[in-house]
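Below, each structure is written out as structure tokens.
Next come two complexes, and both contain chain A; in the first it sits with chain B, in the second with chain C.
And then the complex of A and B:
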């Protein structure tokens, strides 16, 4: 059962939660800056945010390296998994902050609250990935999402941004209702919301009186998570929200929010899927196939690179779901494959969106694919990095994207889901069409000035050093882990 | 017996008023139906012995939040005549059919005697003192996170709504 109040070792909890306290303190400073300081356009808040993220990262990194076993406080579990994912989240948050600096400056909309909300959202994700109890899962999701709803609508003067925020908020509230309903049914049938207790007792519950309610409750939880990870048929919000939100926030949603939700989903799956596996295998594999197919087919017809990446993000959620049925028979292998994929996915998606930020540095957001025409001549390095990211998203061998897909599909094959992997590989082939198209446009299409092709407004400026930093880090990561995947594999193996 | 009658009548009122909330065209009547729904739910809580939650339900939901709802509806000032009539579409019929099916499945699942009677909550259980104590002991961590959540809500509302930030 849950540890009693007096049994909790508060000093070790403080020790574990120190990175969170650093993040919260930085968010508080950001809000106070917003209230007290008149000066706008200053670099103080973003730099302070980056320092706080770096401090939290260093503290957590030390925790990950230490050989001490994981600690459970009932509500929160600090093990290698949660620390590792928290590191990934901090990394995506840092990338998002770096991209935000030039993006917001170009729009004259520099507000310290932006960075504060971003930090508090990562705090919610920390709770989500460390949750040892469904109550904490719910609170983590709410804290994470509420901040992102506001960030999605942060550019108040843009109608698309408002639409994105409202749509995300309404859908998110709807998803929360499913989650809560699911938690209520699980609690009613199992008598506990603690994931460790659920893992212990789920076989017994599935055999007993409460079976139907338990199944119903977990199904509701699946729907709730389905919305958060944008799996078909709960994906409809994603393209509009990704498209309308400020691009750095889109990066944050596509990387950190998705990783946090997937890992919480993974934790839930490891706890409850072992009992009554058949049901969940069917549901998850149907979901995976539908998500891959719809994401890839819809991405083909997109003219806007932001929307194309949104649909590609749905398709990638489908690939990750391919590993989920394996949780039933091989939770460790599935967990590792998912972590590897999430890490690779964060690197390549963040990089690809960073190029979109460069394209859209003007007042309007010219993100049509035809705008890329001639980029290979005007900006050879930028075009080469975008090519690298797109090839990695496609899964071409010397990039990290290939090995991520390889380990994911290998896990599924080992557990005997060969048909699922065949469908996934066919989908990868489909995705070649829309990933290669921007490359073809960049290098082989001559921009025609009549229809305003080429020369996105932002392209005439020199690249901001912050964007260069993001591009360099992500491109190096994609290339390095593509050439030495065993290094990343070792990290992932140590985490799960 | 008396308790059962009370429960079923309150539950029926809650379900019917909830249905009316989503089917009324006029938002004001929807809001008023929601008050009825909250009141009936509060009654169910009271039957279960959770008097404190019943009172909170009435004070917060039926009271404070509903006043806010009605204020917003009146400030926006939608004319009922402007609102579109609800239309039957294929998706809606499909959704309704799925909902009815799910309700029947759940009902059949529950209809498996003997019923497991929910344990009656004692007087000490769910009293304000117990809830308060639990909140700062067992549920201290969620309580802290909740305060972060509220901070986000306040800052977010200001960021999105204030004229000049």
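And then the complex of A and C:
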């Protein structure tokens, strides 16, 4: 149970929480800057944000490398898993910041509080991935989400942005209710919200009288997480929100938010699913199939690359869910496969969205796939990078996307869910259509003169060094871990 | 001098350099070809020529250095392997290294390939000088040289196969070099497809080799296809030797244009003439012979397979020689002549005279390359004219080309002391000596025909009256120096190349035979009978007289009495037409194989099976179904928040409902 105040080792908690404090301090500075400083066009806040992220990253990395065992404070768990995932989150937050600088500048809407919100959301994710208790999960999710709701509507002069924020917020509130109700039911049936305690006692609970309450509670939790990871049928918000939100925020939602939610879900699953596994296996596999099918099918007909990537993101959530039924029999393998996939997914999705950011650096945001026509001639390097990311998302070797899918499906096959993998592979084949289409358009379609004019606007913008950095890092990552997957596998194995 | 060289590079590195130089040339020239527009080509011509010619020359120098080093070994086996540069395939059941093997056979081949290759590269500088695809040409030619060297230097059968396929690719690219011309592109395709048939057999042979080595429990780690290993596990090949030999020989039939797969070679003359000289006379087409000799330890296990090799070779030698009699295109004459000469080599290999086969391979490379280059020189001067009936008397205008061609013709006709005399005599005598009188007779007749058709060409092109219109005659000129130099060098080689195998009976020492003897154990096992000496002289003299007689006959008839053959042709018009139409073999293949296949492909496989079923129902049907579903699914995305919440709720209800049940 919860340790007493006096029993807590405050110094080691401070030690562990130092990166969080750095992030929090940076967020506070950002908000103070917003309130006190008039001049809005400076690079001070984003650079300060990046520095804070870098410091937090360095501290956490040191922690990950240190051979010390993980620490549990009941509510918070600092193990290799949480540190590793937080590193991934910091990485994608840094990428969002890098993309935001030119994006906001192009719109003349540079506000320091933007970065403050981003940092606060990152802090929420820290709680979420380190949560050892359902209440902490809830706290993390809410801290993370509240900031992201605001960020999604940050371009307040744009109707689409406002719509995105409102939809996200309303459905998010709805989902939070489910989550909270689930926590209540679990507490009612198990007498605790601590994940470690639940893991110990779930077999006992499942055999006892509280079984149905407990099941109901976990189902509610499942629904709450289903919303966060955009699993069908709790996904409907995702395309609208991803499309309407500012693109760097979309990147943040698609990578960091998703990774945090998935890892928390994974933690919950490892503690809870082992008892009464069969029930969850059915729910999870049906969810995986529905999510993959819907994401891939709907992505086919999208004309807007942002929406297409939104559906692709749903489809990828489906692929990750394919590994979840394996938690019951092989929690370690499933966890590693999921972590590997999340890492790969962050790299390739962030890269692909970065190209969308480049497209949107003009006055309007031309994100139609047809606007890509002729990109292969006009900007060969950019087109080649996007091709790399799309091929990786599709899962073509030697990109990291291939091995990510491979380990995921391998885990499922090892646990005997061959039919699930067959469906997943068929879905991968369907996804080839919409991932290859932008490539075809870029290299083989001649831009129509009308489109060409609008394009001219974006063309005048030279590539910002920040975006070049993002593209270079993600492309190198996709290629490097595609050729040497064993390095990433070693990191992942060390984390779970 | 060599000592100081070996202080800089080890001999193994030198061996790698042999293959690396042409590859570097190919890379540089390919970059130039890709990176420059056709208009800017002029500026790079010098660079292309330099790399294109100089790197093969360096490869030749490296081969020569190694060769000289090897000759200095006395009494010790000088062959060595480079060891593996890298392991190409590593699986529990198969290991393939990339490594080279330099031994007496491969170094001779490498010398010939780089030497003749360098000369032909030099010749190309003049011949292709005005072509727009100059850099592409040199890139492909250098690449060919690289693959050919991989083929001959490989230390295992798989790497050899890589070279084998690589030269096939380059042959395809270069035959169709002027691909804007449909007919030429088609000739390239024909060569490629016909070669594929042979390669199918070759591959099947490789699989069998694998099966044999696996069943022999050979150590996987050192490579099942390593020549060293294969010869060590020689005994295990006995049960499968016939089948393996025949399958591998099937590959050789395709690559070396033997009956029945020779049909691609005459069409391959569509490529630039230096290409015909290098690939379709001197080097690539001899790969089949090289392979048979390289694997002589397997072929020798199966007398039946060897007799098939010999019979096919002899039949091809005769058959192609008769077709050479009636051709009027100067390059086609040489093409059929090449097929016929390759037949000789296989006949030699088939009777077990492996070193005689290699000897003829080398001298043939000299004189046939020379014949082609002279033909190219003539074609160049005549602005593309190839029909010998429209030529004549060209010796007055092109003396160097004329006399070098005559030297080469004497060599191929087997007139002493030109190189061809020794190499052909070695084949015929060894066939006779082994009691294969039938094969010998065929070879003997073919030798006469060879002398006749080649001097027919000499008479028609360089002597007699000129059939060239006067205004064209004025423009005919001798070729530029870069083309003349290779002609002269090759003429010397054709004339004197025979020194490598002057038989003992003529006071020589058959150096080639001695040099290769270590590799060809089965040949030396056959002890020559001393009483044969007299017969050897007799056979030699008869063959020589027979050839000279036809040389004179061909030259006299076609230089002075051109009306005679027409009269003869009229008298035996049926036979003449049969031969002139190349025995209708192309037509027979067309009727029997190409058209039925085409029909089945078009009507059954394509229009019925593929269009209707696979494409129509399976592929497009699936795609359409997916498309329909995609539209249905995306219709659910209405943008209306209330509906989204409804989905949410339905999901929740379904899950809870499922759990409640």
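The rule we apply is simple: the second predicted complex is superposed on the first by the 490 of 496 C-alpha atoms of A that agree within 3 Å, B and C clash if a C-alpha of one lies under 4 Å from a C-alpha of the other, contacts with A are read in each partner's own complex, and residues count from 1 in each chain.
Simple rule for what comes next: a contact is a pair of C-beta atoms (placed from the backbone, for glycine too) under 8 Å apart; a residue touches a chain by one contact, two chains touch by 3 or more.
On a predicted model such as this, the values are computed, not experimentally measured, just so you know.
In the superposition on chain A, contact of A:156 is made with chain B only, not with chain C. Applying the stated contact rule after C-alpha superposition, one finds that A:216 touches each of chain B and chain C. In the superposition on chain A, A:90 makes contact with neither chain B nor chain C. Of the two partner chains placed by superposition, A:309 touches none, neither chain B nor chain C.
By the touch criterion stated above, A:111 is placed in contact with chain B alone, chain C being left untouched. By the document's definition of touching, of the two partners only chain C reaches A:171; chain B does not. Applying the stated touch rule to the two superposed structures, the overlap between the chain B and chain C interfaces on chain A comprises residues 212, 216. Residues of chain A touching chain C in their complex: 166-167, 170-171, 174-175, 178, 212, 215-216, 219-220, 222-223, 226-227, 232-234, 236-237, 239-240, 279, 282-283, 293-294, 297-298, 300-302, 430, 433. Those residues of chain B whose C-beta lies close enough to touch chain A in the complex are 105-106, 109-110, 112, 116, 137-142, 145-146, 148-149, 151-153, 155-156, 158-160, 165. Residues of chain C that touch chain A in their complex: 623, 626-627, 629-631, 633-634, 636-637, 639, 641, 643-645, 647-648, 650-652, 655-656, 658-660.
Those residues of chain A that touch chain B in the shared complex are 2, 4-5, 24, 31, 34, 73-76, 111, 113, 116-117, 120-121, 123-124, 127, 135-136, 139-140, 142-143, 146-147, 149-150, 153-154, 156, 165, 209, 211-213, 216.
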